[in-house]
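You will see chain A twice below: alongside chain B first, and alongside chain C after that.
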Partner chain A sequence: MLVGQLSDFGNGGITDHDQDRIIRRVVGPEERLADVRTSGITAAELAQSKTALRSAFLEDMEGGFMPRFGRANLLAAFALFDDDPKRVNTILDELDKVTLDDVKAAAGRWFVSTNRTSIDSRPVSKPTTGGGQ
Partner chain B sequence: MTNTVLAFTLLLLAPLTVLAQTPARFNVPVEYFTLPNGLKVVVSEDRSAPVVLVEVMYNIGFRIEPKGRTGFAHLFEHMMFQGSAQVKKMEHVGIMQQAGGVVNGSTRLDYTNYFQALPSNALDVALWLEADRMKSLDVSADNLKNQQNVVSEEVRVNVLNQPHGSFEWLDLWQRANSNWANAHNFYGDLADLEAATLDDVRCQPIASAGVRASLSSLVKRRSSRCGGSLTSDGAGSD
Partner chain C sequence: MNRLTQRVVITLTAVVVALFGLPAGSTAQSTARPAIGPERAFVPPPRVERILPNGLKVIAVRFLTVPKVSVALTVQSGLAADPANQAGLAQFVADVAQEGTATRDSRQIKQEVFAMGASLTGTAGQDTTTFTIRGLADTLPQMMALLADVVRNPTFPQSEVDLIKANTEQRLQAQMASPQMVANRVYRQTLFGSHPYARVGATPETVKVIDRAAIVQYHRSYYRPNNAFLVITGDVTPDAAFAAAEKVFATWTRGVVPPPPTAPVPGLQGRRIVFVQRPNSVQSSISVGNFTIRRNDPRWPVLNVANQIYGGAFDSRLVRNIREDKGYTYSPQSVFQAMGQAGLYRAAADVRNEVTGATLKEIYGEIDTFRRDGPAVAELDNAKVYARGLFVIQNATQAGLSNTLNTMYSFGLPNDYPEQFQKHVSSLSPEAVKTGAQMLLGSENSVIVIVGDYTKVKDQLGAFANISFVDLNGKPIPPPQ
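What follows is the complex of A and B.
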């Protein structure tokens, strides 16, 4: 749901307060993404992101759904889709190569409003028969 | 036509023998080879604990479900626990549990995986179990009907009768994407699940992959009977 379509929520008893809340929730991240598109992120933010991804990767390689599942699953995926399971040992190098310019370029390409879907899901006052919404 | 559709991952973990220093960079051993029947095998040895993880990954996922066959990738995942030539219904799970292991499977956008973590001395049993269902899955009317009901109930519990359950399965993907591959109901429309036939399941590429492996052939020949079924080359109707 695009920002421009938020007026669709004006029906069905949604209050002005709800409307404001929805718009804040959607527009807030949008403004932040606009910053990334135009200014990129800082070197410190990039370093922090890389550390977080590295940490998550290593943790996954140790475990996951069950002991060593993360490693086995990535090896299988690299074998199946890339015919190169040894990528498991170089993917962190690929992560390290990401630059500030890469982030900015990716944001400019992908973090655009037409690529975003936002749904405000709420309970109905009377359940429909047979469950569901 | 499809290329190899199977990746087989074997993660071998034997008793601790060496207390390794912290490596300067992440590096795990990777041994990779292809069997004469086309099965890709990856072995990664790890001696930090006497545990082995065996996973079989198939090139079958939600995205290749044709119209009218929503939920079939997941339905087939369930069928893989219903027994094979040498293994009774759910016996795969029972044998693994009795050996001290845990077992499960999952269906994703582009693959289905089956995996078990178990004491390393039971490795042969896990390989045998995976091999048996790969080549001789018991696709019977009773098993299909049973799993149609099980999966339909799973849809009701997790989606239809779950507060906001539709968000992940019926709302977000459908609004974010416009192409069938990424915007259909992955868990499955109940009417589609109910309409599944034995031929649909028999023609599922996992089933034919087992046949193909046993014939040492990498080329999947789609019979006319299987024309409307899932294909692992992404040729599902758009």
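What follows is the complex of A and C.
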């Protein structure tokens, strides 16, 4: 479906070479999503992802839009959506409990072609020189 | 939009409304603004300093906000050390160094950084080049090893040089479409002339000249422990920080480092306009400014407060005048940038063609008023509260404190700079700030750069006798007709 959408670009400005590049770019992520959906991820990938998420969470707790703003924002989000601001203290434990099967199941549910939009934004062929910003 | 993103957007919207008020058309009951609470003094955590036998200065600060660490390795050479025909070389060195070492290729470096939950950057400024790695505290030895490998053992693969050259050419081409980017480049060229600070980075011409040999030579000359310092800030004891640093940097060999190139800062005579012709522009991107003091000048805090009052803060005179009162522009701003050898001041605003001359009149009107009268007492009080409070906020995170220390050691600021900053600001008198304004803001001798369409605005520039013209690349052209 995504590849089929390329024909909608039909403005005459795309060469065969461009088409090939675009197809590769769209199909690459598609294949990776399919991999995760059918095979899941490796234990090493899961461990690395948990480390990266833990680090990002702590960065947010300390900083965010401005220092300490991230902490306030997380408290507000947990209070608003979970009615449980204290979840800010336990969310990392929840993250640690995620298993390989959990990841595969989530990918099977969400990484499906009916659940996303793909946008390919490309510059116009003739740059404009006028106008402000 | 996924659920998490929705949550963040909704929450952010609530916070933005709380911070900046309801959108136009909304109604809300107003209440009296609460008084500002008692000020909290900024007390930085203690820092410990050691110098390794090879000359590398190591500064360690235990700062327990979160279990993470920032490590910043600063080489005391930057863009100013680039050969004149290779502007931007220092950034190339920093970029390509992260793309391959004797034992790691580009992909391995990226994978290691990700696996540690870390971030790695290398940025060349005018006087220095800083590599920063930041991640979880328990990965400090691995982060330090990776940082040292990138800084000490880069192989600068030709394929990566070629790739970054191609990407840089593309980025520069895109920047040509931005009047603000063009204005900044031409402003610096105009102000600094042949001084190394005229060069703010690569240009389409210098990208063609920069090659692997030049990158290797720059690295060999300047990336030396006796021309660098290391700041480690975060959840780590100084002993552990020093041990980690010594393990990977102790065998780094000294070198004879060339002194930073310099040249006299050109004198300014009168109000000079350099007009960058950009046909069919509907706006003029205006820059006005002059030279100021070096960063290590003890008068820096007073000029900083003067800039804040003039145009640096959102309640500044310039914003109140040409944004709030006249409606000429959305985002006027003045920037005070002090560097190792000299500093600059630059007021910038993007305005409609029809108000180009009027904006220049207001910019100079505010300068002349401020130079003549100095600040009002209440205005200065507000500016002091803002400057002191901002300093606390800027140093509330490990990365923020690391930045302050980096500035301190880069420019040789006094050892008690972080402890004394608030007191210094508090002590400023209206008379001192008036003197600071006179030093910061030139009136009769200054540079004006306008990026726009001269044919649409020339009738508004009759007050200026000295106007020269350049194209978007900064090359001289005859007056546009």
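Quick notes
Methods note: the second predicted complex is superposed on the first by the 119 of 133 C-alpha atoms of A that agree within 3 Å, B and C clash if a C-alpha of one lies under 4 Å from a C-alpha of the other, contacts with A are read in each partner's own complex, and residues count from 1 in each chain.
By definition in this document, a contact is a pair of C-beta atoms (placed from the backbone, for glycine too) under 8 Å apart; a residue touches a chain by one contact, two chains touch by 3 or more.
This structure is a prediction, so every number in the text was calculated from the model and none was measured.
By the touch criterion stated above, A:L80 is placed in contact with chain B and with chain C alike. Once the two complexes are overlaid on the shared chain, A:A56 sits against chain C while remaining clear of chain B.
Once chain A of one complex is fitted onto chain A of the other, the partner contacts of A:L46 are absent, as it touches neither chain B nor chain C. Judged by the touch definition given at the top, the superposed model places A:A34 against neither chain B nor chain C.
After overlaying the two complexes on the shared chain, residue contacts for A:A106 are found with neither chain B nor chain C.
With both structures placed on the common chain, the touch criterion links A:I119 to chain B but leaves chain C unconnected.
When the two complexes are overlaid on their common chain A, residue A:V98 makes contact with neither chain B nor chain C. The intersection of chain A residues touching chain B with those touching chain C, taken from the two complexes, comprises 58, 61, 65-69, 72-73, 76-77, 80-81, 130-133.
On chain C, the positions that touch chain A within their shared complex are 7-8, 10-12, 14-15, 65-68, 114-118, 135-136, 177-180, 278-283, 350, 393-394, 396-400.
On the chain B side of its complex with chain A, the touching residues are 4, 6-11, 13, 25-28, 30, 32, 40, 42, 44, 46, 49, 51, 53-57, 59, 102, 104, 110-111, 113, 115-117, 156, 160-161, 163-164, 166-167, 171-172, 175-176. By the touch criterion given at the top, residues 48, 51-56, 58-59, 61-63, 65-69, 72-73, 76-77, 80-81, 127, 129-133 of chain A touch chain C in their complex. Chain contact summary for the complex, chain A toward chain B: residues 1, 57-58, 61, 65-69, 71-73, 75-77, 79-81, 83, 85-86, 88-89, 92, 117, 119, 121, 123, 130-133.
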